[in-house]
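Quick one: this structure, given as structure tokens, is what I'll be asking you about.
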Amino acid sequence: MSDLLTLSGVHAGYGPVTVLHDVDLTVPDRSITAVVGANGAGKTTLLRTIMGQVRPTAGSIRIGGIDLTTVKVEDMVRNGLALVPEGRGVITELTVDENLRLGGLWRRDTAEASRTLSEVYELFEPLQNRRKSAGHQLSGGERQMLAIGRALMAKPKLLLLDEPSLGLAPRITAQILQLLGRLRDERGLTVLLIEQNVRSALGIADHGVVLNLGRVVAARPAAELAADTDLRHTYLGF
Amino acid sequence: MELERFIFLTVDGLARGAVYAAFALSLVLIWRAARIVNFSQGAIAMAATYIAFVVTSMTGNYWLGLVAALLGGAAIGLIVERGVMRFVSPVNPLNSVIAALGVLLVIQAVVGMLFGNGYYPMAVPFSQEPLPWLAGLSISAYDLFVFVCVAFVVLGLAVLFGKTNVGLRMRAAAFSPELARLLGVRSTRMITLGWMLASAISGLAALLVIPTELGLNPHATDLVFVYAFTIAVVGGLDSAPGAVIGGLVVGVLLSWVSGYLGATLSPVAVLVLLLAVLLIKPGGIFSVTKERTA
Amino acid sequence: MTPHDTGPAGAPPRLALRDITVRFGGLTALESVSVTVPAGSVVGIMGPNGAGKTTLFNVVCGVYKPTSGSVEIDGRAVRPRTHNLTGLGISRSLQGLGLFGGQSVLDNVVAGLQVETKHSFFEELLALPRATRSEREKKERAMATLASLGIDAYAAALPDTLPYAIRKKVSIARALVSKPSLLLLDEPAGGLGHEEIEELATLIRSIPGNGCSVVLVEHHVDLVMSVCDSIAVLDFGKLIAQGTPAEVSANPAVTEAYLGVDAA
Amino acid sequence: MTGIMSSRTTVIIGVVGLIAVIGLTFVLEPFRNYQLATIAAYLCAVAGLTMLTGVNGQLSLGHAALMACGAYCYAFTANGLAEQEIEGPVLLIVPIIAAVVGATVLGLVIGLAAARLHGPYLAGVTLAFVIALPAVTSRFSDVFGGDQGLWITVERRPEFLAGRGGTEMFQAWVAIACAAVVVVLLRNLMRSNFGRQMRAVRDNEVAAALAGINVARTKVIAFTVSSAAAGIGGAVMAFMTQSASPGAFNLFISLFLLMAAVIGGIGTLYGALWGSILLVVLPDVIGSITRGLSLSPEVAQRLDGNLAVGLFGAVMVLVVIVAPFGIQGLVRKAGHQIRSRGSLQSAPHPK
Amino acid sequence: MTLRRNRALAIVGAASVFALAACSTNGGGGAAEDVPGVTEDTVTIGTHQPLTGPAAAGFASISAATSAYFDYINDNGGINGRQIEFIVKDDGYNPANTQTVVRELVLEDDVFAILGGLGTPTHSAVLDFLNENEVPDLFVSGGSPTWDQPEEYPWTFGYNSEYTSEAAILANYAQEEFPDGTYCMFGQDDDFGDDFEAGLLEILGDDGLAASERYSVANQDVTAQISALKAAGCDVVFLASINGFTALAVGTAAQLGLFPQWMSSSSGGDYGTLETDYLQENAPLLLENFISTFYLSLETNENDPWVEHFQMVQDEYNGGGELGGNEIFGMNMAYMFAEALAAAGENPTRESLVEAVESGAVDGTGIVPLGYSPEDHTGNLGVRLSQVKSGVQAYFGDTYIYQDGEVSVYDGGAVPFENEGIPTAE
């Protein structure tokens, strides 16, 4: 299994505050990698750095051999990355349909885009009935589906998710995580997932990475990590 | 007699209101694209009208002038956004207001230096005399032309934003620029496009309204800007339909005020309306969304 | 109910939140939450993102009016208003600092002494002795507070030019300078490194020594566990556990809220 | 540190400076004294505006209207006193006080509304306010004298100043005295606890409220004080020109005041001084340059005024983008550099 | 801190001293023999004119014509061997600006006199200043009776026919010609409108006007006022408006279908200006039968030697454009000053200049007598009516004088053309 995304020696932060220290991370192709860690560990900053919203002060980020450190945010999607932002990042003023269309807009091929759109509606049936509803009329779970569906519209190689469980009932969280597993198995999607909800995340992930105070403190197969109670206590507080 | 006057004032107000609405739309466009209340919009529109004036005088063709106003407006919008506003730190919202005021002064001064501060009469493509077959309404062919132009702008924007991919990108960039970028939308380009579109529309609005006043001069749009600002606030700065309805309402209101209470009072009426709306319903009368935070 | 529900001498708790419910439209941010903060104690509030911790803080600070429930200070029901919190003896440090970027560190800290202003506007306008003397006294007090936190060397600097950890301390100094009886700390550890967090823990532990109670909202579990006398845990706007650090960390509901259930 | 020592020194320097400027009025040509008086009149208003906008973060485009309020109050009072045949210092001082009171009351009213408005909204409302001024004066032209405005009977120069230029010298004295009072009082405020409150509200309203600052009250008082300063400026203008008319306080004056504050260095009284000097001197300098170029009368006429306005506008944009502290910021920076030259141990500021 | 404040203040002080001192040096101007503005071979005078701004529209060409005529005089040896230098300052029709520019003229440029300051509101603002400084304030362009107060303002002389006279003469004519008309008025909301209305009512009686509407120069939308005139059923509308607003009124009325007999004050009734600056190709149609008062030669009268002469000056000294009412007004202004200067003696002083005017040495080039005397500073005592027919504005009927509430016919002729239009001391 080859590595799709590679971070090596990445330092990043906001102005005087360095959040990520010397982060090395690899995301193997067609797998789910979960990054876990307490709040404030730098998980969100990690995603923002990969997507170009925060520029690393040192180190390199590569996807399939392409250096991402100088690629503009709006070109990330053209390099096969799609992000589902924290807090169900739906543009609430736009309708469900418009949100989804937006996800595939960067591609010139309109026929292909409309085919993908119907695929996404198949995948998320609840959205089908709410095509014309504005984003702010959706429930939390529906918004999360919409955000994931919109990311899928881009036909990404790598899907990045920022705390998909946030504020969702455990049952819905479980559904969404299961869906990610299905996408990996059926379509060969590669996923980088950030979660506070350690147990759920490591449950479906292939690989686990523990981040603490901006440093990678463990990177192991997910099952192994989930079983390591010492590590859990030390870095997650429980 | 009284009724006839009432009808006349109402119709006249609608005609003016339609132009103000178009102008207010341009403010709404820029606000939505860049979260900036563009205090230089009046000056941009005025400069675009000078371009139209030059083209019309040289070619003798009104329609070429109209096209020139649209293109010229867009070009000035481009220059102002790319050349100035983009470099203004958004940290303090006052900065963009001050920079826009600076742009206003520069444009007025440059136009004044190029053309002098005198008044130029503006040509109109249609007669401004009342149409006989609309007796009693005092609508002229020019009024109808104005209505058609504004309707065209409103419908055009509705189609652009509602039906096209570019419009969808612009809306996404306006509502959530960072998210839009993550989805591959070139947000900064969309902001520039918003400025160009808005400036072209305001140029058209100025071209329509100036012939009904004393003539083209560097300050021809000062008062129009204040009216348009009021309309945009009344309608809710985020709401395009609000700007259109607000424009018509404010136009009629101003016409009644100047007809029944005295023409000199209309700026006072605008001030009162503006204060009332901002203090009682700060989101604008036609806006249902959250309070504004600018 | 915690064992520290009342103070040592049976005095009423410094802060008591009774059955607080907050709804925004259809969303219930807090549901019937009760927390008490005995005098001289450090109480931590924990919970995953979006659990309602900051909302609870905002209720205490008068930013939100609770839909139902009451806030009591020293046994008296109060309706906090943002700008007279200091009048109630409450200080709050803001999440993400909330410093005044255009003013020096010293001025930032002096700003925390509004409640001490006794002279009138006109005395200031004319720079009468009472106004200038009061200014001088405030500056002295602020310097003393800065010195007690070991950051008096930065008094003249603008906050934005300083390292993050120093700025954190400045915001805590501003909260402490008025010698509050209740200090609300909103995520003080955010953005700090290991050693800085340990230093912060020492600082927080020392605060009750001056007769001040502390409420701490914090993600950083280690810090909360190490400095708090008691901990309340929120999830989905509800209080799911309350007790000593040991009790809370042993509570399965807490573990589940933090770690989630197995999805596979 | 801003200890007692420096405060006392500043006062001494201020007094010496004031005496120097008054001494200057004895050597200047009458027209230069008139310009000096104009600078001082602008300084009153610009100082008020720079406090409001720079220190408190409220942007007003309506200060010309507040100046107008001061000017009209001055006019009503002075003419009323003159009708009672009251002369002497009363005819000078009472109208100025009336101007302050009038502008304060109006400023309080606007300030109450302004406290609820932010950034561009406040700017828009105050803009409408200044636009509405001529409408008010012409609607109630029997009171305000319409576009023409009011003539004012003003206190004449004292007898010992009789002769050519005496009037202008007297005008300069009055204007400088007023400006000095305004600047001293505003300086007191900006250095006091209230100044800190204003800055806190500007920087972070939520944090200010949490620190115990009544945000709305602070904004209202700041607007009111700033209005009073503008009112004095208007009164001085009225005294100098012996008239109060809407044209003298139009939108352009408002923009000029803002320009002076921004270009001089927003939020500082020194900046207000720089800006006010610039407002008067720059158009004059540009005027003499263009006159010296022997341009055709038509071209000269186009450049006249426009060139200065365009330059002001461009500089204002540049200041916002590259030099947010304006002239005073540059002066300060230059001062720092001069002082740090030679002292190599002062390491460069860490990035 | 102390050091910095010190230095900053010192810099402030130094800079302001420098700035002001630097400006001072270019002031002054060498006045000979204690007479400001007069040297061995020059006389410097100044004026304030609205060259910019909305109210100014249509007046900018006046001072250009005045300058051109002075150039003509200077090329022909000047007056008493002195060249006349004429400084024109723009006040934008804003009284506050007038204050500044006139002070600049008097205090910095040391002018000998102010000539033809334009506008009632503007010039009112400097009336006290000029008289206090004893500066001759000649031939103010504005028909306010304010200028005619020799007791209080001995240095100020009016020029235009007073608004009240114009109005009375127009009203008198209207009563004769349109006895059954519904009379209305549209006027500026200042002294211009007020004085004009007073003159109308003097003749028409207190209830003589069916409607009287006012405009403010700040608001260019006059639809409401004109629609009110229409509602009142006006068929004769008197205009007390400046040129721009005359054009707006006439244009708006046509839009509203109102076509009354217009009767305008001279201040806003110049056909040439209305046509070129505002109405353009619509002018002949809209202004057909338009009546206006005047007191100078009309450019349409090519047999008038003054017109012929002015046309020559226009061609040679003023770019050769079309000669219009403004140009004639401006050149006449120059001629009148030259007359006064010639009569003020070999070594003119401000006192002798005023005496010369009061002695009746100034006749101007017009068709109406000037009333200057020590007791009277009025200027033109009356007007003649003109009417536009097929795009040509021409005088008709008698010349009238309005004195003591009575309109009477004046039967003296126009001022004869002499000495190539260069005044000499008689």
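Order as written gives the chain letters A, B, C, D and E; numbering starts at 1 within each chain.
Here is the rule we use: a residue touches a chain if its C-beta (ideal position, glycine included) is under 8 Å from a C-beta of that chain, and two chains touch if they have at least 3 such contacts.
On a predicted model such as this, the values are computed, not experimentally measured, just so you know.
K.L.:
Which chains contact both chain A and chain D?
P.N.:
Neighbours common to chain A and chain D are B, C.
K.L.:
In this assembly, which chains make contact with chain A and also with chain B?
P.N.:
Shared contacts of chain A and chain B: no chain.
K.L.:
Which chain pair is joined by more contacting C-beta pairs, B-E or D-E?
P.N.:
Most contacts of the two pairs: D-E.
K.L.:
Farthest from chain D by Cα centre, which chain is it? Let me know.
P.N.:
Result for max centroid distance from chain D is chain A.
K.L.:
Among all chains, whose Cα centre is located farthest from the one for chain B?
P.N.:
Farthest by centroid: C.
K.L.:
Using mean CA coordinates as chain centres, what's the gap between chain A and chain E in Å?
P.N.:
Going by mean C-alpha positions, chain A sits 78 Å from chain E.
K.L.:
Averaged over CA atoms, how far is the centre of chain B from the centre of chain C? Could you give it in whole Å?
P.N.:
So the centroids are 49 Å from each other.
K.L.:
Where the CA atoms of chain B average out and where those of chain D average out, how many Å apart are those spots?
P.N.:
Chain centres of chain B and chain D, defined by C-alpha means, are spaced 32 Å apart.
K.L.:
Residues of chain E that contact two or more other chains, please.
P.N.:
Within chain E, the residues that touch at least two other chains are 51-52, 60, 189, 214, 216, 218-219.
K.L.:
Note the residues in chain B that touch 2 or more other chains, in rising order.
P.N.:
Each of 112, 117, 223, 262, 264, 266-267 in chain B touches at least two other chains.
K.L.:
Where in chain A do residues touch at least two different other chains?
P.N.:
Correct list: empty.
K.L.:
Go ahead and list every pair of chains that touch.
P.N.:
Once each pair is checked, the touching ones are A-B, A-C, B-D, B-E, C-D, D-E.
K.L.:
Looking at the complex, which residues from chain C come into contact with chain A?
P.N.:
48-50, 162-164, 187, 189-191, 193-194, 219-222, 225, 236, 249, 254-255, 258-264
K.L.:
For the complex, give me every residue of chain A touching chain B.
P.N.:
For chain A paired with chain B, touching residues are 51, 53, 72-78, 83, 85, 89, 91-94, 98, 101-103, 105-106, 150, 154.
K.L.:
Give every residue of chain E touching chain B within the complex, in rising order.
P.N.:
51-54, 56-57, 60, 189, 214-216, 218-225, 227-228, 231, 244-245, 247-248, 251, 254-257, 277-280
K.L.:
Per the contact definition, I'd like the list of chain E residues that touch chain D in the complex.
P.N.:
Going by the criterion above, the answer is residues 1-13, 15-17, 19-21, 23-24, 26-28, 51-52, 60, 64, 67, 88, 90, 92-97, 99-100, 103-104, 107-108, 120-121, 124-125, 128-129, 132-133, 188-191, 214, 216-219.
K.L.:
Write out the stretch or stretches of chain B touching chain D in their complex.
P.N.:
36-37, 39, 84, 87-89, 92-95, 97-99, 101-110, 112-117, 222-223, 226, 229-230, 233, 262, 264-268, 270-271, 274-275, 278-279, 282, 292-294
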